[in-house]
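Note that subunit A is present in both complexes that follow, paired respectively with subunit B and with subunit C.
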Partner chain A sequence: MIKIAAYTRITNRSVVLNGEKIFTAKGENSLNLTELYRNRGIDYPKFFKMDNLAKSGFLGAELALRTLGLDTVTPKKGTAVIFMNSSSSLDDDIAYQQTIKSGENYFPSPSVFVYTLANIVTGEVAIRNKIMGESSFYIFEKFSANNMQSIIEQAFTNTSLDMVVCGWVEYLQGEMDVLVMAVQRDVVRGDEFNTLNINKLYDIK
Partner chain B sequence: MIAALGDNIVCGLGFSSEEVYASVKKGIGGVKRYEGTFGLPDPFMASLIADEALDSAFADLGRGAAGDYTKFEKAIILSASKAIAQAGIDASHKRVLFILSTTKGNVDLLEHENYDRQKVTLWHSAGLLAGWFGNTNEPVVVSNACISGLCAQITAQRMIESGSYDAVVVVGCDMLSKFVISGFHSFKALSDTECRPFDALRTGLNLGEAAATIVYSASDNVAGGCAKMLCGAICNDANHISGPSRTAEGLNNALQAVLQVRPADKIAFVNAHGTATLYNDEMESIALSRSGLSSVPVNSLKAIFGHTLGAAGILETIISTMSLKKRKVLGSRGFERSGVSCEVNISAEERDITDDTKSCFIKMMSGFGGSNAAIIMEVGQ
Partner chain C sequence: MEQLILDLKQQIIEVLNLEDVKPEDIDENASLFGEGLGLDSIDALELIVLMEKNYGIKLRDPSQGKQIFTSVKTMAEYVAANRTK
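Our next item is the complex of A and B:
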C-alpha cells in the first residue's frame, strides 16, 4: 500500500505540517516565504535566488522531508519528485517579460529566464535532497485529487521507486496554494494515499 | 509496450512526416538566419514555420478561421488532425486521452498590454486541442523543459498500460518568440551559425518551431510493422538547474534503465539530444561511454530542425522511427570532427543498418532542471 508519510500545506494564511499549524501570516498580510524559511531555521542559501514558485515547492518539500529524517547527502535513485499546478511558471513569466519590454529596457537575465520553466522547482528539490529518480511537472486547470492519485500511482508502477515527493505547487502574484506530500511504499506510518485523504489535506486552510 | 498508430510533423520543412523526412533525405535543413524578427536587437539562426503556409493548411481543415487562433494553437490542431486521421481512431471517444507537451505554449501573448490570461495557460491550450476533436476527458499537460516530449510519451505508456485509456494522442509543440529567443540568448547558448552537434567547433544551439504528434494505443492486436515504444526512464542529476552533470549521472541512469528491456546489441542507433552546446554534447558522450554504447551509431537532428523544445522528443522519435523502418541511420548535419572527450560513433553521412537483429533505437534528452530521459523504440521484422 502507498501511504502519505508526511505533508506540508501552505496557503496565504498558514502553514500546516503533519497536522500541526506551525506558522501563520501576520495581520492582513499574505504569508511571507522568506519569514517562513527564517522561522524554521533552514540553512540553504540557494533559497534566496529561487523564484516564488520554486521557494514554495522547496519549503513544502523541505519541511515535510526533514520530519522523516531524510538526509540531504545520500544519492536517492528510488525517489522521485512530481509536482503539478495550474499556472505553470506564469508568475516568473510575467517578471521575465518586464525585462524584455522595449529597446531601452531590454536586459534579459538568465537567472530570471531559467525559472520560466515550471519544472525547475522539481530540480531544486532534487538538488537539495540528492533525489536522482524521476522529476516531472504536470499542469491541470484545477487541483484534483483524482489526477494526483492516478499520476502518482502510475509512477509507482516503476518498481525501483520507493518514495515520491509529490504535490500541488501553485504560486501566482502573491497567491499561494501548496500541498507537498512525501508518499511512500511499504511504510508503517501515515494514511493511505487515496483521493479521500488527499482531499482532506488539501481542504486544510 | 505501446504501439504508434499514426504520426505527424508540422515544421519549417513541411506539414507531414513523409514530406519532412523527404526534405531531410535531400539534405535540406530548416535553420536560417533572421534579422529584426520578433523585434529582437540581435540576428539569430532558427527554423521557423511560415505563417502564411500554416494559415493556409489550417484553413484547409475547413473548421475555423485562421485569424481566430494563435500560431501555437493552429500548429497543434493541424498536427493532431493529420496524425489522428492516419491512425484512424475516433479521437472523441471516452477511452482516448490528449497529452500536450510544451514548455511555453502561448507565452508570446504576454507582449500585449491586455492579454487574456486564461489563453496563456497551458491547460487552456490543451483543452482547446481536445475540445477541437470533441474529446471531453481532461487533457494532461507535461511541462518538463527540453525533455517534455519524452516525458509525454512515457506518461502515455503509463496511461495505456494502467488500463485508464485505450489510445493517447501525444502532441508536442513550442513556437519561438522574443521571450524564448532572448532567454536562450541571455544564457549565451545560441550559435550564430548552423549548429554543429558533437563537433570540435560547436558553439551553441539553434532553436526551432514545430508541432509533432504520435497516436499511441495498446500494442495487442496491432499490425506487425507498427513501431512500439518498449519503455522509458526519467532521471534527475540532482546537480544543477541549468547545467548538465559532469559525470552524466542522470542520463547514464536513464540509459541503464531502458537497456534493461533490450541489450545494447539490439540497438541500431541512439538519437542523441545533441544540441551542440559545449556542455550538453560532452555530457552525452560520457553517458554513452558509461552505458557501454560508445560503439553504437549515434546521430543528432538539431542542425536540421533546431531545438524544437516541447516538440523535440516527439519530432525526433518520429524521424528516427522512419529511418529505422528504412534501415538507415541518418547523418548528423554539421558534424566534421569530434569535439567530445569520450568516443562517439557519429557521422555526417547516412549509414545503412545491415544487421537485421538490430531492431531498436534509443532516443535520449537532457534539459534544464537537471532532467534526463531516454526511451526505447522497436520496429518488428
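Our next item is the complex of A and C:
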C-alpha cells in the first residue's frame, strides 16, 4: 500500500506539518517564506536565490522530509519528485518581464530568467536531497486529487521506486497554495494515499 | 576607490541576494568565484548586467571577465577606468 508518510501544507496564513500548525502569518500580512525559513533553522544559502515558487516547494519538501529523518547527503535512487500547479512559473515570468519592458531600462536579469520554468522547483528539491529518480512538473487548470493520485500511482508502477515527493505547489502574486507530501510504499506510518486523504490535507487552511 | 569598493560590495549583495552577507564580510582581495564568495555562472551574468546598468560598461569580450571579476578590488579598478556614468 502507498501511504502519505509526511506532509506540509502552506497557505497565506499558516504552515501545518503532519497535522501540527508550526507557523502563522503575522497580523493581516501574508506568510513570509524567508521568515519561515529562518524560523525553522534551515541552513541552505541557495534558498535566497530562488524565486517564490521554488521557495514554496523547497520549504514544503524540506519540512516534510526532515520529519522522516532523511539526510541531504545520501543519494536517493529510489525517490522521485513530482509536482503540479495551475499557473506554472507565471509569477517569475511577470518578474522577468519587468526587467525587459522598458527600452531605455532594458536589463534582462539572468537570475530571474533561470526560474522562468516551473520544473526548476523539482530540480531544487532533487539537488538539495540528492534525489536521483524521476522529476516531473504537471500543469493543470485546478487542483485535482484524482489527477494527483493517478500520476503518482503510475509512477509507483516503477518497482525500483520507494518514495515520491509530490504535491501541489502554486505561487502567484503573493498567493501561495502548497501541499507537499512524502509518499512511500510499504511503510507503517501514515494514511493511505487516496483521493479522500489527499483532499482532506488540501482542505487544511 | 574605497567608496567605490563599498558601493560594489553593497550592489553585489543586493543583486545576488546574499542575504546573510554584510559588506564587511567581503574581503576586497578574495576570489569572487570558487573558494571566496562561491559565486556561480548565473551570478557572473548578473555581475555583467550590474556593470552595464550601474556604470554604463558593456563587456564585449567574454575573455575579459575572468580578470575583471577576480575580486571586488579588480572590479573596482576596472569600473574606475572604464565607467561612463
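Quick note on the criterion: the second predicted complex is superposed on the first by the 205 of 205 C-alpha atoms of A that agree within 3 Å, B and C clash if a C-alpha of one lies under 4 Å from a C-alpha of the other, contacts with A are read in each partner's own complex, and residues count from 1 in each chain.
In the analysis below, contacts are C-beta pairs under 8 Å (C-beta built on N, C-alpha and C of every residue); 3 or more make two chains touch, one makes a residue touch a chain.
In this text, all values refer to a predicted model and were calculated from it rather than measured experimentally.
Room for both subunit B and subunit C is found when the two structures are superposed via subunit A, with no clash between them.
When both complexes are overlaid on chain A, the residue A:Thr157 reaches subunit B alone and has no touch with subunit C. Of the two partner chains, subunit B is the only one that A:Asp93 touches; subunit C does not reach it. Contact with subunit B, but none with subunit C, is seen for A:Glu124 once the two complexes are overlaid on the shared chain. Of the two partner chains, subunit B is the only one that A:Phe137 touches; subunit C does not reach it. Chain centres taken from Cα atoms put the angle at subunit A, between subunit B and subunit C, at 80 degrees to the nearest 10. Once chain A of one complex is fitted onto chain A of the other, the partner contacts of A:Val114 extend to both subunit B and subunit C. Contacts of A:Thr34 after superposition on the shared chain: subunit C is touched, whereas subunit B is not. Touched residues of subunit A, counted separately for subunit B and subunit C, are more numerous for B. Look at A:Phe48: by the touch rule set out above, it reaches subunit C but stays clear of subunit B. Between subunit B and subunit C, the minimal CA-CA distance in the chain A superposition rounds to 7 Å. Under the contact criterion defined above, the residues of subunit A that touch both subunit B in one complex and subunit C in the other are 108-110, 114.
Those residues of subunit A whose C-beta lies close enough to touch subunit B in the complex are 75, 77, 81, 86-88, 90, 93-94, 96-97, 100, 103, 106, 108-110, 113-114, 116-120, 122-124, 126-127, 129-141, 144, 147, 150-151, 153-155, 157-158, 160.
The part of subunit C that touches subunit A in the complex is made up of residues 15-20, 42-43, 45-46, 49, 52-53. Every residue of subunit A that touches subunit C in the complex is listed here, in rising order: 34, 45, 48-49, 107-111, 114.
Interface of subunit B with subunit A (complex): residues 41, 103-105, 107, 110-111, 117, 120-124, 126-127, 138, 140-145, 151, 155, 158-159, 161-162, 164, 178-179, 182-187, 233-242, 249-250, 253, 257, 368-371.
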